[in-house]
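The same chain A turns up in both complexes below, where it pairs with chain B and then with chain C.
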Partner chain A sequence: MAVSVAEHGHDVGHGAHDEIIYQETRDMRLMGFVLFLFSDVVLFSSYIFAYIYLRNSIPSWPPIVDGHQLPRLDTAFAAFNSVVLFGSGVTMHWALEHWKHGNRGRFDLFMWLTIVLGLGFLGGQSYEYAHAQIGGWSGNTFGASFFTLTGMHGLHVFLGVCFLFVLWLQTKKNVYDQHHFFGLTAGTLYWHFVDVIWVVLFFLFYLW
Partner chain B sequence: MDLATIEKAVAFIGALVVFTFAVIGLRGEWKKTGLDDNVTKVLLALMAFGCFLVVLAVFGVLPRGGGA
Partner chain C sequence: MATIAPGVQTGPYHAVLDHIHPEPTSFIRKYIFSIDAKVIGIQYMITGAIFFMIAGMLAEIIRTQLLSPDGAIVSPATYNSIYSMHGSAMVWFVVIPLLTGAFGNFVMPLQIGARDVAFPWLNLVAFWMFPIAGVILFSSFLIGAPDAGWTEYPPISLQGPPGTNLWCIAVFLIGVSSTMTGINFLVTIYKMRAPGMTFTRMPLFVWAQFATAPLSFIATTALGAALAALFIERVFNVPFYDPHRGGSPVLWQHMFWFYSHPAVYIMIIPGFGMISEILPTFTRKPIFGYKMIAFSSVAIALLSFSVWAHHMFTSGMVPWLQLPFMIITMVIAIPTGIKIFSWMATLWGGAINWKTPALYATGFLITFTYGGLTGFFLAAVPADYHEHGTYFVVAHFHYVLYGGSIMSLFAGLYYWWPKITGRMYNETLGQIQFWLTFIGFNGTFTPLHWLGLLGMPRRVPNYDPSWTFIFWNRFASISSYVMTLGALLLVYILIDSLRNGKKAGPNPWGARTLEWMISSPPPYYNYKKIPAVLAAPYDFGNPLPYIGLEAAPGAVEATPTSASHPVPTY
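On to the complex of A and B.
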């Protein structure tokens, strides 16, 4: 991610030769970025399958700790917080679309909406961590799985927010133009990816 | 009206809005053929599916047995 952002200083090509080089390197960088996302899918998958294994190896879920069954997580709040994150995915998509159409004012608006919604999601996650009645990180398998997976996802969201803020700063420094904006494409793909991982986690922890 | 009801109402309205804009975005991407466009299609579709899951949660269809 850092590499693809750093390379964007060369995004705005000059002349036909630069344009050809830009297109060739863009395709390679895009493939590299998609492979990076795949590697993250593998990372999350390993933890998710560990959670599924743990869950299926215990007769009752949530598990019984000290003679009492742990309560389910707050589905209503999670649904609300999920919509905040999914909404940020949509605003990011429209930010990129407005950039492609040269509407920088609306790009700024949607980019900042995305960042604020991302921070809102992190705030909601913090609130849930403070109020979840499922024990701590090391208290039981439910708490350990929940905090590990959602914590790792939260870290990705935080890094994504930083990524988007850097991209926004780069647009202010004219690193990209209407036809050369690989960084923004990568940022949008990353943000959608983070959203989709949450779809899986939302189902596993709150709806299953 | 308790807090959970308000959260569910906001989540339901938000899910409908996000689903609608995700589908509009998906339609806009539909005829594009680049790698980034195709990945975006998959991710937008999954995000729309996420909104569907939110609606199921709001109406108590999932989780089975009712949530907290």
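On to the complex of A and C.
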């Protein structure tokens, strides 16, 4: 991912010849990136399948451990944290739109807002991990599926934050211009993808 | 857009492709860390061949152990590790990388008239994960190799030796590599075909890679998830599969087979593609039912996602689910049958030139059909109850994986060897090698059907010392030595060809796909000018459908055959 963005830096071209090469490589990279996201969807789907399977194979959920039923997760806190993540999706969208219109200042603002909100979501998740009374990662199948799935999502958010930071550094080095910004498109796609996965996870763990 | 022939327009991209990148000069960039798909294909081929020899030696240990009912060549525990490693290595480190990585990389870009794949650097990274993963896999022998079979079912795999962790890492890595290759190939085929090469003008090997690529990056991810969970459970004691802690061993089976059933089609569809290239060339006839062969690959790929639970009929699934899985499994026989009949119709009335690739392709038709039919028995729920976990299953999947995948790999190797190296192999030795393999293979695996039906369980080092069991096991073991002799002869043939083989020229078989129009071995840039394509490549008797090709000298089609001289002379 980072490699493709870095390579792309050399392609911002001058002249019709370079422009054609740029567009064609951009289209191929976009297709490759979407296929990568698709395989990532399968990764999450597999663990979601595992969660549903484990949940349905025991009579009560949350499971009963040592005669006591485990508590449900804190839905209100998670809802607040979700708003933080979805908000970052909105700011990311604005950042890209401002880039397309050439407003570098606004782009910087919203890019940083996205990064800060992403980190905020991770902070909220750490708080939640510290206070969840469901027996830890290795205690029972509830903890196993919850911490694995949300942890993997959190890892994706963390990698996304790193990705966005690298993209921001690249904009400072003028890797992209107003018409050649494939890396920013890929970053935005990835960030929205992480948002959408969270919608599914929120429903599965907090509302179901 | 420029019109270069009636109905053929060059895209904007091709118009600017006159520029050819210079070939790297340093040894490392040219042969070790090359981004040229042809070099990467050869690297896959060499690495896969090494793993094939190691995994083959493991197979011979198994067969030698089974020479006598109380065989003591290895201890029962070691025996468990050996068959587990044999299966894992053959599936993930031989068949899949050779069919997609090796032949896909070498042949597919040439056949679509491209200079390279879409993401050459990704290709380089994907290749290097393969030998690294292989070394990790085999180093598990040092600390106790996995012993729960190549399927590594929990809870046995949860209690397995420490090498099982290395097994998880190795298979995960090769899975990531396979995912990268799948994405790379799909984008390459979708975006980089030569002008005029519409989907229905693509060579059938390209169609096969096109149908396989999505399987690689969709199904393999599910395997990665299952492996990561197994690793986490073994290392961090997190309950997914352990039934004592609320987990479910059947969950692993679902996730594993959701990958591994599509994976058997990753292991055979490219082989189908090779057979579809070889048969028209050696019969001098257009392929019968081009579109049906092409679309049936896609149909198989789609159906393969909804049949995984036929591996689990005896794992305690609900009875009403068994019926749909049984029916969909049997439905897959329809597109497969369409292919078989199309190939038979291609052979029918053709001027068959019995060179080694043609022998292998025809041998493939026989053994693969046989393996497909026993698959039908296993798909039927009542019959499966009897056959599950016996040598009948072993015989079935060796008929489709050795008789199907490996035979098509041999066919493809003999067919494209002159293109890859520029040299011919010794035809007489090639034909002897075919008969050794064919006879040895059938002698090894046909008796296993009968042993399975008699109730001999797989994965057990000893067996009932009755006359029938001893006789057929010895028969199988001795035949397997014949098969191994064939594999060793192949090594000799290839080395002999490199040292003494006569120059092949661009098109020794008189084939019509694009790769045969340029010199052998192809130059670094593949095509000096990207050609335009006017028709599908199999219309023997018509002029070649390519325009703007700077053909290598001598790269013309062999004289079309006539009724009085049915066998072409070349």
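In this text, the second predicted complex is superposed on the first by the 207 of 208 C-alpha atoms of A that agree within 3 Å, B and C clash if a C-alpha of one lies under 4 Å from a C-alpha of the other, contacts with A are read in each partner's own complex, and residues count from 1 in each chain.
Following the convention adopted for this analysis, a contact is a pair of C-beta atoms (placed from the backbone, for glycine too) under 8 Å apart; a residue touches a chain by one contact, two chains touch by 3 or more.
Keep in mind that this is a model prediction, so the values were computed, not measured.
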{"item": "First (chain B), second (chain C), both or neither touched by A:125", "value": "neither"}
{"item": "Contacts of A:31 with chain B and chain C, given as first, second, both or neither", "value": "both"}
{"item": "Contacts of A:170 with chain B and chain C, given as first, second, both or neither", "value": "neither"}
{"item": "Partner chain(s) touched by A:138 [first = chain B, second = chain C, both, neither]", "value": "second"}
{"item": "First, second, both or neither for A:86, with chain B first and chain C second", "value": "first"}
{"item": "Chain B versus chain C as contact partner of A:54, first or second or both or neither", "value": "second"}
{"item": "Contacts of A:150 with chain B and chain C, given as first, second, both or neither", "value": "neither"}
{"item": "First, second, both or neither for A:192, with chain B first and chain C second", "value": "first"}
{"item": "Common ground on chain A, meaning residues reached by chain C in one complex and by chain B in the other", "value": "27, 31"}
{"item": "Chain B - residues contacting chain A, complex", "value": "3-5, 7-8, 10-11, 14-15, 17-18, 21-22, 25, 28, 35-36, 39-40, 43-44, 46-47, 49-51, 53-54, 56-58, 62-63, 67-68"}
{"item": "Chain C partner contacts - residues on chain A that touch it in the complex", "value": "3-4, 7, 17, 20-21, 23-24, 27-29, 31-32, 35-36, 38-40, 42-43, 45-47, 49-50, 53-54, 57-58, 63, 137-138, 140-141, 143-144, 147-148"}
{"item": "Chain A - residues contacting chain B, complex", "value": "27, 30-31, 34, 37, 71-80, 82-84, 86-87, 89-90, 93-94, 97, 185, 188-189, 192-193, 195-196, 198-199, 202-203, 206-208"}
{"item": "Of all residues in chain C, those that touch chain A in their complex", "value": "12-13, 15-16, 118-119, 121-122, 179, 183-184, 186-187, 190-192, 217-222, 224-226, 229, 232, 236-240, 245-248, 251, 254-255, 258"}
